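So that you can tell them apart, the chains are marked A, B, C and D in the order they are listed, and the count of residues begins at 1 in each.
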Amino acid sequence: MVGIVLISHSGGLAAETAALARQIGGAKVPLAAAGGTEDGGLGTSPDRVSAAVEEVDQGDGVVLIPDLGSSVLTARLLESPGRVVIADVPFVEGAVSAVVAAGGGASLDGVLAAAEEAWHFRKL
Amino acid sequence: MVGIVLISHSGGLAAETAALARQIGGAKVPLAAAGGTEDGGLGTSPDRVSAAVEEVDQGDGVVLIPDLGSSVLTARLLESPGRVVIADVPFVEGAVSAVVAAGGGASLDGVLAAAEEAWHFRKL
Amino acid sequence: MNTEFFAAWIEEITSAVRAGRDHLTELDAAIGDADHGTNLDRGFTAVGEALAAAPPGTPGALLVLTGTTLIRKVGGASGPLYGTAFREMGKAFGEATEISPAELSAGVDAALAGVRRLGSAAEGDKTMVDALAPAAAALSRAVRDGLKPEEALEAAATAAAGGARATVPLQARKGRASYLGPRSVGHEDPGAASTALVFGALRAAASR
Amino acid sequence: MNTEFFAAWIEEITSAVRAGRDHLTELDAAIGDADHGTNLDRGFTAVGEALAAAPPGTPGALLVLTGTTLIRKVGGASGPLYGTAFREMGKAFGEATEISPAELSAGVDAALAGVRRLGSAAEGDKTMVDALAPAAAALSRAVRDGLKPEEALEAAATAAAGGARATVPLQARKGRASYLGPRSVGHEDPGAASTALVFGALRAAASR
């Protein structure tokens, strides 16, 4: 199954988004939240993010979903074409779509495409 | 100043998004997080949301930003054209844009338009 | 049908929801977040308390209080939706103390219109609308054809149950289940299933 | 310029960042999240410890270790960016033990290319690129024109400082400041300001 890492400035935001996505998308998706600095502050820790990538990597690829700013740059440091890819998507909505697609057995490209569809969902 | 209410299934998600938006957009924006049910579970409490609307209403209007599902429906119950309006936007990114615009003194329509621009931001 | 009749309906719904709670929650586990049964059970329990605390004097007032309580207490998307449905039906009844079958049918139409307006779901989107819309249509036709009240309510209940079953092959296009896309196919929509219970309870109230 | 020279540069940066920490953080308070000074101070303190723990034998190794440490320890967007800058410069130096002015200039170009690739910022986007790009260009021209090393580094430092000041009227188009839109106008970009400190430190190292 494709793994997913949610990267945020805020540890809480990443964790809460992961919980919501897991609740909708099913519990079996390899999903990790990597938010905040190592000392629990606001920011990004590349060490945390790469540990999260290893944690969710089952060999089918990993999608990184960053929120903004340093999360995006940290994600870029870990990009590895065909294996670890960044989804440029709305954080919460893209995470839900990606987790659902991964849970449904989609390929790395399929999960990425599903996450990108979140740009086109309307809520009303 | 225009008030903003973040409505989520998850109390933590609303609160963490509010904290991030506040950090970027400035501390003086009237902003409330209304997430979760009254007993702290996942879901939406219309009573909490209407209390939040009252809390942030300074007379210049209030923008409701829902995440998905019941948050959207709860927001719709509280809509009141020209006074309490829903922003159909990506939750985190739209919240940041809306808070920044409100902090800059934008009108209700201006805050709504700023939030909607979040659909067009790209991160990479 | 008087205030007592509608109070009996709410009681029948409450029992049906209690009995069906785990089944509804299982349906919601497949395409939602596994809380539809507990949401409605919590909501109707609160409705029972609210009605007992200040018993309303008309069918309209009873249904408005039911709806308002559901909105406040359910916690999920079905709260605003069912809440709006009962409120709209209650408002359609106005101050009347006795409701004719034609008025009941118009009330169900008002409920359907309210749910559609709030949730923007069309038939086929795999929501409670897929049970509510055929029930409203069947009731309307039965009344037009001059069926006896119990027969008319039987027709509505049958149509709601059929509508709920017919959601199984559909793909969800509204609510959180819509995020599941094709994965939502093959499961009955929980809100449609509970709507079938609501119309089953209406028939049961009539044969009390 | 040998390993000692580059170690002196890092020391000078560390002192300048410590002294300028509160100013950098104030700049970041206006258009960011008020942590740029503390971020860099934390990062360069960690660099000092890393270099002391395992002193590298070449300028290249020293800069790569500096960059890797910044990436791991800064916590903000400037971590990956400065980290990449120092790593790319270090990689450009290879195994050489003595770096000529021309090689230094090529190293700064590599740093700039790395920052651009990672952050996709162009000149005028109100980022550190607005200080780094003119510094790289000034250094390159000074070396081409055969200026003395101290003069070349003076030119680079002056260009970086001018580039930083020139960010004041710009509107941010990259990083979190871009969410501020027009509200970002009228403030110096913190990352451009710190880049000016980095080139000031390079000149200082040369005149030690």
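By our rule, contacts are C-beta pairs under 8 Å (C-beta built on N, C-alpha and C of every residue); 3 or more make two chains touch, one makes a residue touch a chain.
Per UniProt, the chains are A, B = phosphoenolpyruvate--glycerone phosphotransferase; C, D = Dihydroxyacetone kinase subunit L.
Computed from a prediction, not measured in an experiment: that's the story for all the values here.
Here the largest set of C-beta contact pairs joins the chains A-B. Here the CA centre of chain A is 23 Å from the CA centre of chain B. Centre-to-centre spacing of chain A and chain D amounts to 30 Å, using the average Cα coordinate of each chain. Between chain A and chain C the centroid-to-centroid distance comes to 38 Å (mean Cα coordinates, whole Å). Multi-chain contact residues of chain C, defined as those touching 2 or more other chains: 33, 176, 179.
Each of the following residues of chain A touches two or more other chains: 23, 42, 68, 76, 96, 124. Chain contacts in this assembly follow no simple pattern; the graph is neither a line, a ring, a star nor complete.
The list of touching chain pairs reads A-B, A-C, A-D, B-C, B-D. Residues of chain A that touch chain C in their complex: 23-25, 96-97, 100-101, 103-104, 114, 121, 124. Considering their complex, residues 8-10, 12-13, 15-17, 19-20, 23, 42, 66-68, 72, 76, 86, 88, 90-93, 96, 118-119, 122-124 of chain A touch chain B. Looking at the complex, you find that chain B touches chain C at residues 37-38, 41-47, 68-70, 73-74, 76-77. Those residues of chain D whose C-beta lies close enough to touch chain A in the complex are 33, 35, 39, 71-72, 74-77, 79-81, 84, 118-119, 175-176, 179. By the touch rule above, chain C contacts chain A in their complex via residues 32-33, 120, 176, 178-183.
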